[in-house]
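Please go over the structures that come below.
You will see chain A twice below: alongside chain B first, and alongside chain C after that.
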Partner chain A sequence: MPLKNVYFIPMIIVPLVFVTILWYGIAWNLYLSVTSYSVYNPRFEFVGFKTYEDLFKFRGGEFVIAIVNTIIWAALLVLLGNLVGLLIATAIFQFESSKIRSGLISFFIYPLAISLVASGVIWRWLFDSIKGFNVYLTKLGLSEIQWLSGYNALWSLIGVSVWIYGGFIALLYLAAFYNIPRDVIDSALVDGADALTLMVKIVIPHSKLGLLLGTIFSLLFALQMFDLPYSVLFTNPFTMTIVIYMYNMFAYMIVNISAAACIFLIAMSAVIVIPYATYGIRKWILKVI
Partner chain B sequence: MRGVKIPIWVVVVAVVVIIAIIVAAVLLTRPPAPAPAPRKISFYTWWAGLERFAIDYLIGNFTKETGIPVEKTAVPGGAGVNAKFAIIALIMAGKPPEAFQVHCGPEMISYFMASPNREKDFVDLTGIGKEIDILATPVGQVCLLGGKLYTIPVNLHRANLILMNKDILDRYGITPPRTLDELKAACAKLKDTGIPCMVQAGADLFTVLHMWEQIFLAVAGPRKFIEFMYGTLDPNDPSIKQATEIFLEFAKTFPGDWMALDWTTAVARIVEGKGAFHVDGDWAVGLIFNVYPGVKMCHIDAITPDCKIIVAPFPGTQGIYNMVIDAVGVPKGPNEDLGREFAKYFASRKGQSIFNPYKGSIAAYPDLGKDIYFIEVQKKMVDEYAASTAQVFSLTHGALFSDVWDKLLKKAVELAQYKEAALESWYETIRDALKLERTLWEQSGLFIGSCEKPFAGILPPWAKC
Partner chain C sequence: MKFKLNIVVAVVILAVVGIFWVIPLYALLVGSIKSLADTMSSPLLDLPRELDLGTIARAFNLLAGTMVNTAIITIPAAFIAVTVGSIAAFGIYLKGGKVADYLPPLIAITTYIPYQALIVPLITLIRWIEEATGRLIVLYDTNYGLFLVFLLYYTPMATLLMFIFTNNLPREVIEAALVDGLKPMTAYRRIALPLLSPGYVAALIFILINMWNNFFIPLSMTRGYEKHVTLKIFSYVGQAGTIYNEMFAAALIGSLPPLIIFILMGRYFVRGLLAFTGGGR
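Our next item is the complex of A and B:
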């Protein structure tokens, strides 16, 4: 019998139930996505992959815009999130006192502690030209920036998401930094390495777990992006993400298209995140590739 | 295979867990036996902001008179976009809320479409409507769907209003505009002053389409406006192009950061003198009354020297009442008698005169008198409603099916952003919207009003009379 220890049988049952519920939901979505069930044809007629075809044509291809926006968001959040996270972590790592370090990390991680909706409202005000940044820009004699006008809104909100998640990614890097054997750092210091050399040559190359986790989390956060754009700009076409599109279609009872978008998103997450995570773990952590 | 000894407690725990799961699953999937009905009303509503004073006041009075407590379940999301599915799921589970908030018009049809037994899952309130005279009012008539009242109206809002900052108008010698041409001329005068002429809000989207709607009403008139609602309007009707061109002219005068504003901040800009005009419904009047107590509002026909904000019908739409109507729906269920009672009280003369002064809307009964209202502008609206020669149903606020509405909402924002470059796609969206509206109406087989008295005398071709 392959089972090593029967004591774990009860422990597996409860999580199994919850995961089964999740899979049931996915299966139900999959079923809906191959039917015609929507306000335009409220019957469970089997139409196969026609819904997926419609998904890309419906409303003049709005879904394609949502995919493009989401991919841009994911790419920039991975890039800038890791960059900002790495910079913050590096800066914090220079402090010897653990009190200062933990104080600083709490400071930077704080945006994550606020609900995304609250962040959204705060930032909408900051992008306003009477209360926000533009007041200072005009005082400095610079011209106003229309932060939320057209596609500027997408760039601005991506910036906000970096502000929200940057501290969290810094935490991941910092955890990786602390895992570097102290003697490696000490011997480098004995050899006369300065702080910059130490970081670039020793610490950062040893922190691939930080990069791996930072990237996976940024990708997942970006693929699920809903609260932030919704609270700042409602269902604005310029900041439409896949999840907002899905919500829209569901709320307006185009249920089959919404379900198809959902399955698409699940597939997309699986295709991007799972291979990347497996590859990263094998290459950098287990070092088997 | 070597036998594995499984300790007895592991087996017991596993069996207990499995049984518990099966029992839970059975209980969840089987409708529960009807429990003794608690004498309590659960009311689903999206009124949670300033409106909650009005609804709390009404509920307080209802409970005092009937002894029946009412519990509000606030589900945010105007027009019930989020509450709808919760309500329908509860209907399916045999435990619907006793009453819920809904707009009069096609919104209720989307509830029918999603419910397992369509209309039959909802209480026909026609009898109550007759009993309390609400069906004798134009508002009551407009809430009929194919001759039946499923949504009983509790108030009447007006969508075709414009707010003006009087100081700005005085400073630049602008007479408060009453026609579209005068409004255009006013904007032309303000062009080089740095003051945005029209302040509409992009962040919550709706005031942009709202402005297009009022312009369309002014150029097309009520009949074509209603045909737009049914989707029977010819998509090449010149009024669509004309309205769009005027819309673009005004969109060019929006403040640079219009996308960062929501409707309340847009109103604030007008109050603070950082913009001249704002097109909105009478809820904006309610907002100013509640949030800026020192700011005096006056009607365009009764301008006083101390007046700060002039409120007027949107230029070119005088005599037309562009209606937004809040209503109560009652799902069928074990406690539907309580729901009926609540709906009847809320929609009655008494209920409406308690609710409306605080809500900023007016009562649906034209004969109710003006003394109950606190705001002069509200009193004026009562006169204008009674004197109105035509009533229409606001496209932005309930007259369109939600998918069609959403499409127009977004495209209007794109149009205001990209101006001429987005014109083609805007016209295409309108063509599409009209087609879909018609499809959905035809599919429902319903229409507004009754066979004997269709709304505005317009009987769409799919009406079976």
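Our next item is the complex of A and C:
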């Protein structure tokens, strides 16, 4: 017996209005991005794709740098995040006690419980050339590393993002491990498989969902990257991401360029989000189709 | 007892990888209790020569007002978002059919699209509302504005999280109660909510911690650094020099509420995190 609309609509009206506002925001972005509206020219004149041409030329092509940085960030976060996550999950999975398992995974997830700004403050100092890691590298007889200069800053902050999301990705793998039918594991054990064989031949191949979700969410987190690079290095071009660029243009009130950058970001995200939200969740997670 | 090589290897891996998880936390704690002299002379990871709680006390005094303000905004916002979201999720669950097929994906898309991308239209809308009401309603740089924008962004997310949990409700029991003439909202309060309470708590904690840690929304929505705790922590970064103890103490104090919630109720946060991916029932 389906719910009558007279009851249903009041129950969903608030989230529905909010979702509509947010979708309207996307449409509004699209509209702004084809106008000339900015602090230089505060009129809504239709200029079509000219804004997008300007976007790539503006301030010496800074947006291209932001796209390249974001893509590098996404690729490395997917790669390293999955590696670190799989490593942590595999190690945690060796323990049989569920208390030990959940304690360990919580420990690796704690970076998600503190703000990215606080993490930024800590890591900015760990990377400090006088007071940070370098002191200890020198003591060990190793050469110093300029963690935050030039492109090193990008690599360092990508490393920090692996630290932030690695535990979360490990959790996704661990959840996938737990979903492997017990008899699959038991029959391998009966056949005399050792722990390594069990992981490599049985557990990890059965955990494609972990890889899939780890990849999807690494991509999404990389596309949204803002707090961390902004709180450590502000608008440094070496760690400029699409969101920093977009925020920067917004702060300078160059609205149309900012909106065009938004549309770019939304389009890039949509490639991942729309298939996942419309098909992936129901197929792989809710298992209703 | 059999010698378990895999456990030994696991411990070694976790120790080697885990050191990167220990160092920042250790640096934060040690850095916060260093005296000024220690901070000037000693590197980050050295133990303090003397315990100085003055830095933490000063940071607490400087952050207390902002933290209270953040709590005043985020706690009600998180409660309302999750309550509204759970009612909506329950409604979608009861409605079933095409609505339950199409609405959750739409809500999921809204949740996963980078929310930062909507800041330009949002600020434009806020300016328009302020002008249309003759500045009777002021949303930019006010607590109300922050509260509303948090609600706007997080209610769809809360609906998605709660939909994961409502999906597991016993349909026969609830439908039998509705056939007996129970109103849907009464069914929500008497039957669904008690069964949903672990999911409700998971969503609440996940969203509360996310609101507390959000930086982009307060940065775009307010002037200065006083209204939200992440802005206050951020305001320290701009200060030049080599005095890290003040910054660390501020970061520590500002991170304590979510950290304490996480330590006490970590498994709910983890459930919320899994629900955020669309799974983990």
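Everything below uses one rule, namely that the second predicted complex is superposed on the first by the 256 of 289 C-alpha atoms of A that agree within 3 Å, B and C clash if a C-alpha of one lies under 4 Å from a C-alpha of the other, contacts with A are read in each partner's own complex, and residues count from 1 in each chain.
Following the convention adopted for this analysis, contacts are C-beta pairs under 8 Å (C-beta built on N, C-alpha and C of every residue); 3 or more make two chains touch, one makes a residue touch a chain.
Note that this is a predicted model, so its numbers are computed, not measured.
Superposition model on chain A: chain B and chain C are shown in a clashing arrangement. When the two structures are aligned on the shared chain, A:Leu213 is found in touch with chain C, with no touch to chain B. Looking at the superposition, the partner that touches the larger set of chain A residues, chain B or chain C, turns out to be C.
Shared-chain residue A:Ile130: touches chain B and chain C both. When the two complexes are overlaid on their common chain A, residue A:Glu45 makes contact with neither chain B nor chain C. In the superposed model, A:Glu53 makes contact with neither chain B nor chain C. Looking at the shared chain after the overlay, A:Leu148 reaches chain B, while chain C stays out of its contact range. In the superposition on chain A, contact is made by A:Pro237 with chain B only, not with chain C.
In the superposed model, A:Asp186 makes contact with neither chain B nor chain C. In the superposed pair of complexes, A:Ile254 makes contact with chain B only, with no contact to chain C. Between chain C and chain B, the overlap after aligning on chain A sits in one stretch of 26-34, 62-70, 134-142 or 188-196, namely 134-142. Touching of chain A by both chain B and chain C, each in its own complex, is seen for residues 1, 3, 7, 14, 124, 128, 130, 132, 232, 250.
The touching residues of chain A, counted against chain B in their complex, run 1, 3, 6-7, 9-10, 13-14, 17, 39-40, 42, 59-60, 124, 127-130, 132, 134, 144, 146-150, 153, 232-238, 248, 250-254.
Of all residues in chain C, only 5-7, 9-11, 13-14, 17-18, 20-21, 23-25, 27-28, 31, 43-45, 84-85, 87-88, 90-92, 94-97, 99, 103-110, 112-125, 151-153, 155-156, 158-159, 167, 175, 178-179, 183-185, 209, 212-216, 219-220, 229-230, 233-234, 236-237, 242, 244, 247-248, 250-252, 254-255, 258-259, 261-262, 266-267, 269-270, 273-274, 277-280 touch chain A in the complex they form. Per the touch definition, chain A reaches chain C in the complex via residues 1-3, 7-8, 11-12, 14-16, 18-19, 21-26, 28-29, 32, 84, 87-88, 90-92, 94-95, 102, 104-126, 128, 130-132, 135-136, 163, 167-168, 171-172, 175, 194-196, 213, 217, 220, 223-224, 226-227, 230-232, 243, 246-247, 250, 255, 258-259, 262-263, 265-266, 269-270, 272-274, 276-278, 280-282, 285-286.
Chain contact summary for the complex, chain B toward chain A: residues 1-2, 4, 6-7, 10, 13-14, 17-18, 21, 77, 81-82, 84-85, 110, 113-114, 202-205, 255-262, 265, 269, 274, 401-403, 406-407, 409-411, 413-414, 417-418, 425, 428-429, 436, 439-440, 443.
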